[in-house]
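Following this line, the structures themselves.
Look for subunit A in each of the two complexes below; its partner is subunit B in the first and subunit C in the second.
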Partner chain A sequence: MPKVRIGFEVHVQLDTESKLFCRCPTDYEEAEPNENTCPICTGMPGAKPLPPNREALLTALEIAYMLGCKPVIGKQLYFQRKHYDYPDLPSGYQRTSTPIAVDGELDGVRIREIHVEEDPGRWDPSTGRVDYNRSGIPLIEIVTEPDMSSPEEARDFLRRLLQVLRYSGKVKGDGGIRVDANVSVEGGARVEIKNINSIKGVYRALKFEIQRQLNLLKHGKEVRRETRAYREDQGTTVPMRAKETAEDYRYIPDPDIPPFEITEDMWEEAVARAPEPPHKRAERLVEEYGISKEAAEALVTEREWADFFEEVAQKAPDDWEIEFIDQWVRKELKKILNKKELSFREAKIEPEDLIELMKLVREGKVTRQNALNALWEAVDSDKSPVEVIEEEGLLRVSDEEKLAEVVEEVIEENPQAVKDYKSGKEEAIHYLMGQVMRKTRGKADPDVTMKLLRERLGEPGED
Partner chain B sequence: MLVEAVEKVSSGREDPKERVHRYLEEIEERDEDINAVTYVNDDAPEEVSDEGRLAGAAILVKANINVEGMPCDCASRTLKGYRAPYDATVVKRLRREGAAILGLANMDEFAAGSSGETSCHGPTDNPRCPGRIPGGSSSGSAAAVAAGFCDAALGTDTGGSIRNPASHCGVVGFKPTYGLVPRQGLIDLAMSFDQIGPIARTVRDAALVLEVIAGPSEEAEGTLRRTEVPRYSELLDPDEVRHLRVGLVEEFLEVSEPEIAEVAKEAAKALESAGAEVEVVSVGRKLVDLALPTYYIINYVEFFSATRRFDGRRYGRRIEHVCGREVLRRIVAGAAISRQEARGKYYERALRARSWIRSKLLEVLEEYDVLIGPTVPKPPHRLGEELTVREMYEYDVLTVIPNLAGCPAGTVPFDTIRVDGDEVPCGVQVIGRPWEDLTVLNAMAALEDAARFEP
Partner chain C sequence: MDRKELRELIELDTYLSMASERDDLDVLEVLEETLLLLDEFAEKLKEVDVDLETWSIVDEPRELREEDEPERDPEHKEKMLKNAPKSEDGYVVAERAHWLK
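Up next, the complex of A and B:
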């Protein structure tokens, strides 16, 4: 099989309060069409951009840091005008910066550069209407080297990239992405596939496109350098019209925006703000806490989950085994949240609350089942799990005198079971145990109860 | 004069409404022949205030600056019927200081002209020598001030569009340092040169309007410095020339017609008599020769970019379908020059030439506080006379130089010259260092005091 090379240009919206060159809000999904607009983001005659939104630049740098990029410091950077004629583009050009960071790496794929752009509006060809709410929202474009060699590898990379982006907490909405993929097969030219909107789409487009190129080569035909569009409905790629690909964007530095520089201070600020990227964090979790790679990979899929884990691990008493913490944070708590469809960000539970609960479990003061029940109640209420336990009186009863009374009652009420036991049916003692639990609503200490039952009933088959 | 009028209105000695009304009557009576005004704001008397630094002032605004609710067509059929949805920052500032916006001034289409003849509203006449062009592109602004239709007018200057018509019409025009006056609301010609500035009857009036419109806005858009703007009109002092080193630029004289060069030499003598240290200085012929091609290449490319929004989808008609020849020439040339394969050959070289011109000029300005010379190298032609493109562009050769360098520059009417029996006003240009606008204004005030020009 000939060698395949795949690279990406990935566009993602930054989740800033305001747009890149004006103060309009960015929550276009909720707004009425053209509600979040002003003369600047609709390109009205005479409107000039405000200085680039600093928050957007910082956010872009944060993501650059997470992707292992080096900032372009001490060099004059520009916003350039990229000219093209399209109904969604109010000024006839899109502003796009020169690279702000270069030479990164994620999962063995080199990141060539990252730059900042403004999003165009949205044009609905069926009605001819344009909504400029989106116009001017900051985007970053992440450009990779062609370092992937199969659709599967490409898909894994994009998943990881999306994870990093979501992890930053600074990309918009569900972390939707727009991808241009370039793909070449040894012996053929590079083909670009434009505007794919999902990871699944990228995978299907690449599968199709590689097969198409292989078929051409197999029949001795040439793979031409071209730009193709992905047809989502068919899962195929089709050539774009020559006019669309022969476009010359006539880049010029935007004369309305003075050149800017990324300073050491800005970079430091971005680095200080940036969360540790998930792939790095997973490595560290394994090393620092001695959990399995699988456990670490799972925890880092949700930033707040890994945060929660680390906080519990750090605040818990020193003699707790990491397996115990892993069990409760990664498994028990997560299971409950999954069932309730809550994320760690949404869940109303603090690491300290869970530690308190785990202490009771460890000390035998509450049964595991009751601890889980309390946790179930607590994660979406204002009460802590320990408060739930106290309120509902779920603390374990291990007071022998108290339990002896209950044991006495159960023996009196269940003569048949007692008889069965005494006649040699050892299992009957479990039935009696269950009755004690029922009467104490699960709070009875099973060890103490068993001891009392045996004392009271003697060895099975004594009669 | 404006400064005196503001004082009278502020102290209650003159009714602001009445004086604004008088201007409206002047326009009504006399503009039919001049065609300086494209839109009259009949509500202006109601909008004027008796408070503020421009109390009672009636200001005309060039038709490429947004004044909310008024047409904003850049004298082009492209924007026919388009009304400004917001006030430009400079307009907000004029209103805040008590001025009324009297209406809109005629201009060359999209400010791309030097004669005032390319407006879709028809050419403007020169009130000081009827039958000749008023110059451009702020043709209406300069003609209206000369005709006494307003206290002062806003013009815009990309390569001389304030100074050129001010010189031809015998009024004062000032192009501020690039980045001193916010451009928010100014429709683009070439963004890296465009600057809004005043046209007025006296230097002090121009200084007063400038101090109101200048300075960084709350939003800092389109201005380059966040420093406070001095009160130019109060600080203005013609006697300051005693401390100035003035360079009379040899090459500026060489490229000008002899009578015009003579006026500039007289102006230099006048400054010397006023106490300035005056020398003839060379900036090098190369700088003057490079100025026009450099300026026009950048102008074309930026204008091409700026006009992409006029695609016929939102505003009236697609620009290429309805514009005049000069506008179309610039768009077509801009598209050709900015093509990927041609960039290195023209645009990038022009950007390098601009840097060279800027550093060369600033080098000379290290030795001299201001440079002087003719504003326009040749007199205004007769309206309707056919000029080649080259002849038309030659009007700009001396005014584009400060724009290329971002320097402040102004023109003062100093004398008149005889052209084919007509007596034509002739201005002298003063160029200063960036951000030293007051020094330029001081030298202009000294020239004004010594001028032989009688309005």
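Up next, the complex of A and C:
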């Protein structure tokens, strides 16, 4: 099969309070249409931009650091005007910075450069309606080298990239992305597919586009250099225009915005603020806590989850095995949150609460099942699991005298099971055990209960 | 080129051009007087007390803007919609993409 080369330009909104060149708020999802606008972000004649929002630059540098990029320090950087006409672009140009960081790498894919640019507004092609609330919101643009060679590889890379972006905590919403994918098959020209807004979409678009190019080449036809659009409803790509070059956009440095520099101090500030990248953190979790690679990879999919794990591991008593902590944080708690469709950020549970609960389990004061029930109750309430246990009286009954009374009642109420057991059906004792658990609402200590039942009934088949 | 060389060049060039057109002038005398005037004027200019500032955005990159509380422009939306050729429900209405039909 001919060699396939895939590269991306990925755009994500940065989560700043105000826009890149004006003070309008960025909460456009909640605002009424065109509420968050001013003469600057709607490109009114004579309106001059404010200096670039430092927070946007700093945030982009944080992400650059997480992607292993080198900052472009001590060089004059510019915002350039990229000209094109579209209803969502009132000024007739989009401002985009020269690269602020270069030469990164993620999962073997080289990151060529990172830019900061402003988002255009939103135009609904079917109604013609335009909302400029989004216009001027800072975006980060991440440009990769064409280092991916299959749609699967490209999909894995985007998943990892999205994980890093979400992990940074500095991208808007759930880190929704807009991707321009460029793809070429050996012997053909480079084709760009514009504005795909999901990983699934990218995967399907690439699958289709590679096949389309292969078919053309197979029949001796030319693959033209062009820009295509992804049709989500059909899973196909359609021609948009012949590929434009940098000249077509008539790039010029924006004369309204003075050049700026990234200083050493600024880079240090960004590095200090940036969280540990997830792939690096997974490696450290394996090394530092001795958990499996699979466990570490799972934990780092959600930054708060990994934080929670580390906090529990650090605050738990020294003699607790890491497997026990892993079991409760990664499996039991996560299972409950998944069932309740809660993220760790949304869950109302603190590491200390879980440690208290785990202590009760370890000390045998609460059954595992009741601990899980309490956890279920607590994760979206204002009570801690231990408070739930206390309120509902779920502490384990291991007092032999009390349990002996319950055992006696169960034996009296279930003569058939007793008869079965005595005639040799050993499994009948489990039924009786279940009855004890039912009467004590799961609080009976199973070991003590079994001991009492055996003492009372003797060995199976003794009669 | 130093001042002396420049002077020599001007003298020669000016002399040649003036001499070719005006035979009746003592070109060298006029030239001498002109240069004297220029020198005097230059001396006088030195006495003018003006602090000339030169500034270039390229020489001195401006600070970035620290992010402060966002501000809404309460009047802009209304003004913009009033000026828009067409608007509805708070949106500016531009062309529709008829090719999508």
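Couple of notes before you dig in:
Going forward, the second predicted complex is superposed on the first by the 415 of 463 C-alpha atoms of A that agree within 3 Å, B and C clash if a C-alpha of one lies under 4 Å from a C-alpha of the other, contacts with A are read in each partner's own complex, and residues count from 1 in each chain.
What we mean here is this: a residue touches a chain if its C-beta (ideal position, glycine included) is under 8 Å from a C-beta of that chain, and two chains touch if they have at least 3 such contacts.
Being a predicted model, the structure only gives us computed values, none of them experimental.
In the three-chain model built by superposing on subunit A, subunit B clashes with subunit C. With both structures placed on the common chain, the touch criterion links A:131 to subunit C but leaves subunit B unconnected. In the superposition on chain A, A:76 contacts subunit C only, with no contact to subunit B. Legend: residue contacts after superposition of the two complexes on their common chain; A:250 is shown touching subunit B, with no touch to subunit C.
In the superposition on chain A, no contact is made by A:13 with either subunit B or subunit C. Contact with both subunit B and subunit C is seen for A:39 once the two complexes are overlaid on the shared chain. Contacts of A:87 after superposition: both subunit B and subunit C are touched.
In the superposed model, A:51 lies in contact with both subunit B and subunit C. In the superposed model, C is the one of subunit B and subunit C that contacts more residues of subunit A. Legend: residue contacts after superposition of the two complexes on their common chain; A:260 is shown touching subunit C, with no touch to subunit B. Of the candidate stretches 275-283, 293-301, 329-337 or 383-391 in subunit B, only 275-283 runs into subunit C once the two complexes are overlaid on chain A. Residues 39, 44, 50-51, 87, 258 of subunit A lie in contact with subunit B in one complex and with subunit C in the other. Residues 16-19, 23-26, 32-39, 42, 44, 50-57, 76, 87, 123, 125-132, 258-261 of subunit A are the ones that touch subunit C when the two sit in their complex. For subunit B in complex with subunit A, the touching residues are 64-66, 72, 74, 79, 82, 84-86, 88, 182-188, 190-192, 219-222, 224, 301-302, 304-305, 307-309, 311, 313-315, 335, 338-340, 347.
Contact residues of subunit C toward subunit A in the complex are 57-58, 61-73, 76-77, 80-81, 88-97, 100.
By the touch criterion stated above, subunit A contacts subunit B in their complex at residues 39, 43-51, 81, 83, 85, 87, 90-93, 248, 250, 252, 255-256, 258.
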